[in-house]
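There are two complexes below, and they share subunit A, which is joined by subunit B in the first and by subunit C in the second.
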Partner chain A sequence: MTLLDVKNLCTEFKSKRGVVRVVDDVSFSVERGETLAIVGESGSGKSMTSLSIMGLVPQPGGRIASGQILLEGSDLVSAPKEALYQIRGADIAMVFQEPMTSLNPVLTIGDQIAEVLIYHKHLSRSAARLESIELLKRVGFARAESLYDEYPHQLSGGMRQRVMIAIALSCNPKLLIADEPTTALDVTVQAQILDLLRRLSADYDSGILLITHDLGVVAELADQVVVMYAGQIVEQAAVADLFDYPQHPYTQGLMASVPRLDGDVKRLTSIAGNVPSPDALPRGCRFSTRCPHAQALCVEQAPELKPVRSGQSARCFLAEGRIFKEAS
Partner chain B sequence: MTSMKTILETPATLPPDNSAAGMSSHRSLLRVIVAKFLQNKLAVIGLICLVLIIFSALFAPWLAQHDPNFQNLRLRLAPPSADNWLGTDHLGRDLFSRILFAGRVSLFVGFSAMLGAVTIGTALGAIAGYYGGRVDAVIMRLVDVVISFPNIFLLIALVAIFQPTLDKLIMVFALLSWTGTARLVRGEFLSLKQREFVLAARTLGMSPARIIFSQILPNAMGPIIVAATLAVGAFILAESALSFLGLGVQPPTATWGNMLTSAQGVRIFREAWWYPTFPGLMIFITVLSFNFVGDGLRDALDPKVLER
Partner chain C sequence: MTAQRQDATTITPSTETAKPLLEVKNLKKYFAVKSGVLQRTVGTIKAVDDVSFSIYPGETLGLVGESGCGKSTTGRTIIRLYEPTEGQIIFDGEDVSQQSERHLAHFRRNMQMVFQDPFSSLNPRKTVGTLLAEPFSVHGLFRGERQHRVDALMETVGLNPALKNRYPHEFSGGQRQRISIARALALRPKLIIGDEPVSALDVSIQSQVLNLMADLQDEFELTYLFIAHDLAVVKHISDRIGVMYLGNLVELTNKANLYREPLHPYTQALLSAVPKSHPNESRPDRVLLQGEIPSPANPPTGCVFNTRCPKAMDHCRQAKPTLIEHKPDHWIACHLYD
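After this line comes the complex of A and B, so read on.
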């Protein structure tokens, strides 16, 4: 059975200027042992997608307007609140971007791991202690015993992120959502953390939903990639296809803005402009305002997400073959 | 916001991994706070006074040489002497013994009322701040209502209707004084609930109650402890004032306040200075000590005043 199946997810916010849809008709699935990356700029709706899966869309104002989120076949959107308390932390766990702030500053490392074990696995305090130390060893701490009684401010960023991962993995979750897990870390530590995530997902056979804007991280860790733009999926592909044959101009732009070691690229290109605000979206294709290939049709009509190669879909008239690049 | 969070967020400049080096030089948070507190001379003096006062109250039966309520009418308003260290009152009772026993009552009222007020205030403030919206609006309007009661008149009215007993007095104090703590805790929660560790706790499936009390509340303890310390002093003062007016704890049970009641009068002031002086001095020293300790704690717990 598919581990996570997100079907036509729409998440909306009520604001003073009306209802804005920040996640628009997003569908994807994650299998056990597989890593799916959601890529996009700030404001593309990727974090909101992960919070929707968690059932933690910010209140008041936010809600899942329609769609289904099936975790091993059972729908989380329609599930009662109490059931979600059991699922969060036990079946789905999350690692955050900022390891500096996502640990509670006044509780010891040990207390924070043990609390989850006591809560979800109903362990005694002493059993939870032993298991916490085991988990800390598993994420690579040699001196796990002494770490147990230390406070977050005594650790470096990379160490804290490993503690976060230990907490997230404490109940052996089926799905791990990693929201920019390496963004706040320095490069050498990033590699360690990615390595750790990969090893642990293999050990536990859990699925990983990786939220990132870093294509390097995607290449390193992901099997499948979903590219989001302004709340919509614009391209969906296996990682190799996406890097070799990017179909959507946005994906191509993202690729071109990554520095490479091979080739003699003198200048890095960037995509001009910003993601349009969700309450002021263009009428046609949402990327048309920034697309180098945009034509009249793109401004008029919104393209749909259509399969363009085997196992690869894109939301673009160009990729569909309905328009062609103008000679420049 | 003032809270302990910034202390803890000070980036640790540490070797990135498992090296044991530097670990022994880590000062735990508590030690930093204690060191900071000890630097404040007034706070330390206050703390020493408080410890002495609390001990003397606790061990009053062993320390007092006389029965506090034994009247020796032949020794009325006797000056301090070897037998009556602080003299006697207008009924010939030993002042030193009475002051010790009165301390038990005064401190008991102060601490109990503080516990009541801080518990109610913390619980309501935490709920208001965490949930926000309508819950917050209702609780804060309740705070406004309670604040707008004219306390002293309400107390006088209540005392006029009911016989003022110790537990009733404590209850009334607690029910009228939780609002400050509630506002303080609400403010702390409003800012703390935005922090990422709260979201992290939610993604781990923790219930709101668990997040409020085991995740957020420990982060707000600093200001609560300071407020609680200052509150004890304020309640002792309030009890003294009420007792002085004859509306608090009723004689013959001694409190520092009601000892002053019978010490009024020009004749006593002129002929027996020790009678009003010593109970008054006790109130003064105790309340001042609580305030010094409270201020010391405030500085010790405030990350902005922290030097490392």
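After this line comes the complex of A and C, so read on.
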């Protein structure tokens, strides 16, 4: 059975200016042992998608307006609150971008891990202590015993993020959601964390939903990739296809914008203009205001997400073959 | 200048002929660690510990290294936001490290800084027009033609002057970073220190700002000290690159050398940790660093990298290596090359 199946998810915020849809008709699935990455511009709805899955859409104002989120077949959107508490932490775990704000500053590292084990696995305090130390070793800490009694502020950013991952791993979750797990870290620490996540999916057959805007991280870890722009999925593909045959002009622009260590170009390619704000979206294709290939049809009509190659979909009239590149 | 960027092999100005714009000699910046109600000093953080380098007119020197290794402190001390603990900062032939605040005005005009966070570095209560006119009023310049100058500045960085009555929050991250750059350019400085100027930006916007910085360098013959942690970004923009670890400069060379033949084991680890650029690329030679970064309040004796270095020898735990010119234009602080 499919581990996670997100179907037509729509998430909205109510504000003074009206209702803003920040996640718009998003569908994807994650199998066990598979890593699906969501990439996209800042504000495109990546975090809101993952918070929707966790049942943590910010209140007041935010809500899942429609859609289904099936975890091994059972719907989380319609599940009662109590059931969600159990699932969260036991079956699904989440690692956030900023590890400092998600760790409790007044509890020791050890107590925070043990607390989860006592709550979800019903371990005794002494058993929880032993297992917590094991977990700290698993995420690469040499001095796990002494770390057990230290407080979050005594740790560096990379160490805190590894503690968060230890907490997330404590119940061997079936699904791990990692929202920008390495954005605040430098490359050497990032490499350690990616290695850890790789072993998690291999050893425990866990599914990983990885949110990032770093295409290098995607290349390292992902099997499948979803590209979001202004609340919508604009492209979906297996990772190698996405890198070799990007279909959507936004994906193409993104790929070309990344400076490469093995390249030497005088000028970088860039995507002109800015992302439209969610309360002032263009009528037609949401990327049309920045797209180098936009034509009349793109401004008037909104394209749908359509299969364009085997195993690959894109939301673009050009990729669909309904329009053709104008000779420039 | 343009020629320099085009040909990676001739990027370094010859040390014998060119006179450096900036010389940093044995720079140290220590912070006191204070504790308790009496705020007694209980230790010292050696954020920058004996760093020396030069920057030549028209070039870009990149500075990379792990978080907390002292990159920002180096930049902030050069521009005298921090008092140097020891060492010399020679700008345009003049030692400015000991000069009093009053004598720094000329120097301040010629050296500007652009910060990482375009959100907090601009006063939210002032319009963009006011923010950009500020450098002129601070120095009492261009009275009567300031608005005209502001319009020109906005055009230079690709912003519509019609937007000058708006507030910073009405701009996107990339636009705000353009405003910061325009502000830094206002007084036509010779040197701009960019402290992670593109790190907070989306990839698609990051390349807009990097291209802008390259264009401005050509147009105004600017010299850059470019601090970043993204090695690909640094490689793209820099002529020469310095690698820092725990307050020390461990390698300094032109970018062709650094990426083709990194000498220091830390530089090698840093480069091999960079994520691959394609899913099918293999990285059999990847070195994963073990252990934690030591605290700058309690740095290891000997070489600062010895606790994590895969090639550490006994000697490395006893004596600190000095930065030497191992090959022409390739400086390294490592006992492997003694």
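In the analysis below, the second predicted complex is superposed on the first by the 325 of 328 C-alpha atoms of A that agree within 3 Å, B and C clash if a C-alpha of one lies under 4 Å from a C-alpha of the other, contacts with A are read in each partner's own complex, and residues count from 1 in each chain.
Here is the rule we go by: a contact is a pair of C-beta atoms (placed from the backbone, for glycine too) under 8 Å apart; a residue touches a chain by one contact, two chains touch by 3 or more.
Worth saying up front: this structure is predicted, and the values here are computed from it rather than measured.
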| item | value |
| --- | --- |
| Contacts of A:Val226 with subunit B and subunit C, given as first, second, both or neither | neither |
| Partner chain in contact with A:Pro60 - subunit B first, subunit C second, else both or neither | first |
| First (subunit B), second (subunit C), both or neither touched by A:Ile109 | neither |
| Which superposed partner A:Val258 touches (first subunit B, second subunit C, both, neither) | second |
| Touched partner set for A:Met164, first subunit B, second subunit C, both or neither | first |
| Partner chain in contact with A:Ala142 - subunit B first, subunit C second, else both or neither | both |
| Which superposed partner A:Ser156 touches (first subunit B, second subunit C, both, neither) | both |
| Which of subunit B and subunit C A:Ala93 touches, first, second, both or neither | first |
| First (subunit B), second (subunit C), both or neither touched by A:Val30 | neither |
| Touching both subunit C and subunit B, counted on subunit A across the two superposed complexes | 142, 156, 158-159, 189 |
| Of all residues in subunit A, those that touch subunit C in their complex | 41-42, 142, 156-159, 185-192, 194-195, 213-220, 222, 239-240, 243, 253-254, 257-262, 264-272, 274-275 |
| Contact set on subunit C toward subunit A in their complex | 5-6, 8, 66-68, 172-175, 202-208, 210-211, 214, 229-233, 235-236, 259, 269-271, 273-281, 286, 288-293 |
| Contact set on subunit B toward subunit A in their complex | 4-5, 7-12, 14-18, 20, 23, 26, 28-29, 133, 195-197, 199-207, 210, 214-215, 218-219, 221 |
| Subunit A - residues contacting subunit B, complex | 54, 56, 60, 84-90, 92-94, 96, 98, 100-107, 115-116, 119-120, 141-143, 146, 150-156, 158-159, 164, 167, 177, 189 |
